[in-house]
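Presented sequentially are two complexes of subunit A, the first with subunit B as partner and the second with subunit C.
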Partner chain A sequence: MVLLQLLVNGIQTGTIYALTAIGFALIFGSTRIFHFAHGAIFVIAAYVFKFVIGDLSLHWGIASIAAVSAAVLAGLLVNFLIYVPIQRHEGSYFTVFVASFGVVIVVQNAIAMIFGRGFVAIETSLSNAVEVFSGLFMAPLFGIVIACSAIVLTGLHLILTRTHFGIALRALSQNPELVRTFGLSTRRLSAYAFVLGSALVVPAAIFTGATSGLNPSIGLHIMLISLVATIAGGIGSIWGAACIALAIGVAENLVLWQLDTQWSEAVAFAFLLVFLIFRPAGLFRLASTH
Partner chain B sequence: MSNYFKGIGVSLILGLAAATTAPAQAEEISIGGVFPLSGPNAIYGEIFQSSLRLAEDHIKDDQMLEGGMRILYEDSQALPQQAVLAMNKLVSVNNVPYVMSAFTGPSKAVAPIANRSKTVVVNGGGVGPDLAKLGEYFWNVIPLANTEMRSLLPYMVEEQDYKKFTLVYVDDPLGEGVLEVLQEQLPELGASLVNKYSIPATAQQFGGLAAKIRNDDPDVVFLASYGDQQVQIIKQLRQNGVTARFASYSAFSTPTVQALPEAEGALYATQAIDFEAEDAFTRRFVDDFKAAYGKLPTVYATNYYNAAMVFAMLGKELQSQGKPITGENLLELRRATESFNLVGGSVSFDEKGTLIAPIQIMEVNGSGSKVLKIGKP
Partner chain C sequence: MSVYLLNIGVFICIYGILALTLNVLIGYAGVFTLAHAAFFGIGAYVATFVAMNFSASLVIVLIASVLTAGILSLIIALPALRVRDEYFVVISLAIQILCVTVFSEWRSFTGGLGGIVNIPLPELFFGTISTPMEFFLLALGCMAVITVIIGLIVRGSFGRSLMAVRDNESAALALGKNVARIKTLAAALSSGLAAVAGVVYAYYLSFINVQSFTLDTSVLVMAMVIIGGTGTMFGPIVGAALLTMLPNALSYVPFLPPTEIGSIQQILYGLAMILMMIFRPGGIVGRSRSKRDEK
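On to the complex of A and B.
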């Protein structure tokens, strides 16, 4: 029963990781901008939701809209105020990375100044697990996480495959020169990628706040998971990133069956390392001219 | 030309004479604080600084030290490597004679520098048992975890009849120290450590750990963690069906644990400080703290206020004796001082430089903590 419980926990953790990673995978895959500040967007979304639902005592729907708005606005600001000027001056890939890392530090400290440095959690009875049968505990939030993920992933799939915007984003990911040849603005498409990618992080931010709580520096851990999932999943492949993120969450928990928590991240990442040795292009590598 | 040189010579002589006869302006004395000011444990840095701001004001108002005193803060992020960098800067660049440190790992990391440079380091927050063995220049103004647990464990086993303990501990010197104490003391008391789980300081997901602990079915889950992580552990274990009582060392005395509904009923040990004491020293600190922050000070806040005041008292005495304020002189004078009147009453240091203080058993009650029992020092 412990193993089954660990599997259930792993699926919940992995699904939240997947929701986090797909936003980063979309932005990185489309624009090739190493958007390390994705972790900062996650933190902003989580704290705005917590502020609106907790401090202002407003409905969760309003809090969600506020969180999405804040995340999208922050994503666009980072793109237009940081990345676009650097790229305009032909700043290198690493310049963008360092600037993005700087954004994380600035946001981390700004959040700490505004909301305090201590631990906060989004209080909800939905995260309290009940015994569904002997020895197996599940929280109502588990079902919500799974349902929300299914909706988000299906919606994203439809957007990317059935809309001109989505097809253009995929084209940007695979061949930006061809996109320009067709008269489309890569800069505008990049901005759309930031809008969509930033909005995608919101469900994960809310679920993380409700299940494990928040602190201003949580963005770094979030980025680590997103980064590994995106690379191991195959750069440009949103589904690859989602699958690997889910696998990390499940592996982290199943490891506990025989080993200490101490080893859970190490074993999960060792598994990924071995995976990359045998499949260096990632799980679903897409063709690209970047 | 000769008149020109004569003029310069006279000016120099007059200048030197003026410099030697004018009253010497005492230099401001700097001491250091190596605390986590960023990262998940930054909340502790805020707590420590809150009372140190008061200490600086009180020392200045009372003109305890000629030239005044200021505290230079460096960010350790509660990490040993960062603490060493901070300590090296304070010792080599700022030449401070006295540094306040926090957390067991960082404190252990800076201790060799303290002993090598003869700089006093005072810990008021770390409670790892090893902190008593770090050399003559390393002092503790806080009783260590082994002392706290020597009061807490007999109370839990003999008076509350808890027999099965599970330990969740951070894999660092503090956690290892707590594990050693539990392994040694529980069998002597007739209880047992049914399982132990080491966790990295960065871990944030504990749903899986909850499943394992439920399977152990302990009476008590003993936590040896700190900062945001211990709050996450408590919250996630409770949410995932762990009903055993929580217990810890003084780490549970932070405001975040005190305010956490899931922590209600948790037991912990901490040094007993009588905030109701009528002596002027305690009243001034408690009243000014309440006026500044609208709440009672925590034990940690009190310890760092006391640490700064110990420096001011020793420094004042050294200045009155005409001796420079150096680490060596501070150590010599502390050894010669039988007791210090600090917040909560008169206290003394043992031969290894660790504060001797009574320990109290506390229970988190949802709106703070209540005292269950006070032991002798």
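On to the complex of A and C.
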């Protein structure tokens, strides 16, 4: 029964990870920008939501809109103020990564100065767990997380496969030269990728705030998961990233069965270290070669 | 006052050693790692263990630490460096996190979060090193020796191979260079010498705990290398000096609440990293157009 409870918790954590990882995978896959600052966008969205709903005590709908606007705005600003100027003179992934890491450091500390360093949680009665089964506790939030993720993922899938914009985005990830030949602006498409990817982070940010709580440095942890998921899932494969992120969430919780909490993160990474070393091309390639 | 300055001097040398050795990987080999603080920590913990259980002789402690860190990095780097650069960043991040967990959980060896206190003073042939001045000279000496070692290696044939791998991996491979071996050796050299900083650090404070070897330290050292200038001989030392003096300089600025100095310092070097990458990717010491541009 403990194992089942851990599995349920793991699925909830994993779903939240998957939502964040997808945003990063989308941006990295289509623009090849190593957008480490995605973690900073996550933190901004989470704290804006918390501020509007908690400190201003407005409706959660307004708070969500505020969080989405803040995330999209931050994503676009990072793209236009940092990535575009850097790519004008050189595109090396190293330079972009360092600048992006700089953004994470600045945002993390600015948030710490404004909101404090400690853990804060978004208060909601939805996270009160009830016993649904003997020994199995579930909160209404679990259902909301799953339902919301399903809606977001289906929506994203429809956008990527059924709209011109989505098809153009996928084309950008495969061959930017060809996209330009067809008269589409790669710069504008990249900007759209940032809009979509940054907006995708919002539900994950809100759910993290409501379930496990927030602190300013959580962006780094979330980013680590997203990076590992994107790379282990196979670069360019959004669904590969989602699967791996879900797996990390489940693994992180299942190890609690035998080990202390301090080890959960380390065990998940140890697994992935081995995975990366033996399957560097990622899960997606692995599946397609079979 | 002079003790205060000597204290800053010792830290500049310790961070200078870390930045110099990290530069071997980031600047010369083109391998990006975020696990440097882990090897700094391994050096410090091995030094502590040897000094407290076997011998406080500086030479023995140095040899033990450098060898342990070098060999451990070989074991990790051998498989990990065969993957692409983007992947290695993630692997190094995972290594850093694993090491921090081990540092804080393996209590019998590392003392956990409480750390280890009363590390004995280092013994050299002529006696123990105890005054701040002697420690400063020791740290400075270590940094000077490491600068010379790295300088010689980088100017030699191994250094040319390294830079060939950095500038064009396929071309180096085509010329018959064993890219994986070159990168692995660079990682062992970098991590082994980083352990020297750990030794000096453990002796100087005579107290260590896991807090000094977290990802924050890796990032700080990375910022030092980048702000000073990647792939330059003295850039990392300039970067280390600037960033080590920054919190001390900030404490003289009026109106700043002392509790926020850590955050302000990090914001400043984060901003410096962003602006550097946009306007001067070569760093302060590097040329305004970096070598990478010519690729």
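Throughout what follows, the second predicted complex is superposed on the first by the 281 of 290 C-alpha atoms of A that agree within 3 Å, B and C clash if a C-alpha of one lies under 4 Å from a C-alpha of the other, contacts with A are read in each partner's own complex, and residues count from 1 in each chain.
What we mean here is this: a contact is a pair of C-beta atoms (placed from the backbone, for glycine too) under 8 Å apart; a residue touches a chain by one contact, two chains touch by 3 or more.
This one's a predicted model, so the numbers in the text were calculated from it and none came from an experiment.
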{"item": "Fit or clash - subunit C, subunit B, common subunit A", "value": "clash"}
{"item": "First, second, both or neither for A:Asn109, with subunit B first and subunit C second", "value": "both"}
{"item": "Contacts of A:Ile144 with subunit B and subunit C, given as first, second, both or neither", "value": "neither"}
{"item": "Touching partner for A:Ile82 - first (subunit B), second (subunit C), both, neither", "value": "second"}
{"item": "First, second, both or neither for A:Ile65, with subunit B first and subunit C second", "value": "neither"}
{"item": "Partner chain(s) touched by A:Ala171 [first = subunit B, second = subunit C, both, neither]", "value": "neither"}
{"item": "Contacts of A:Phe34 with subunit B and subunit C, given as first, second, both or neither", "value": "second"}
{"item": "Which of subunit B and subunit C A:Gly213 touches, first, second, both or neither", "value": "first"}
{"item": "Partner chain(s) touched by A:Phe119 [first = subunit B, second = subunit C, both, neither]", "value": "first"}
{"item": "Which of subunit B and subunit C A:Leu256 touches, first, second, both or neither", "value": "first"}
{"item": "On subunit A, the residue positions that both subunit B and subunit C contact, one per complex", "value": "108-109, 112, 260, 262, 265"}
{"item": "Contact footprint of subunit B on subunit A as seen in their complex", "value": "1-2, 5-6, 9-10, 12-13, 108-109, 112, 116-119, 121, 127-131, 135, 137, 139, 211-213, 215-218, 221, 252-253, 256, 260-262, 264-265"}
{"item": "Of subunit C, residues touching subunit A in the complex", "value": "30, 32, 79-80, 82-87, 89-91, 93-95, 97-98, 101-102, 104-105, 215, 219, 222, 226, 260, 263-264, 266-267, 269-274, 276-278, 281, 290, 292-293, 295"}
{"item": "Subunit B residues touching subunit A - in the complex, by the definition given at the top", "value": "38-40, 42-43, 45-46, 171, 197-200, 202-212, 214-215, 227-228, 231-232, 235-236, 239-241, 255-256"}
{"item": "Complex contacts: residues of subunit A adjacent to subunit C", "value": "34, 82, 85-86, 89-90, 92-99, 101-106, 108-110, 112-113, 220, 224, 227-228, 231, 235, 260, 262-263, 265-266, 269-270, 272-273, 276-277, 280"}
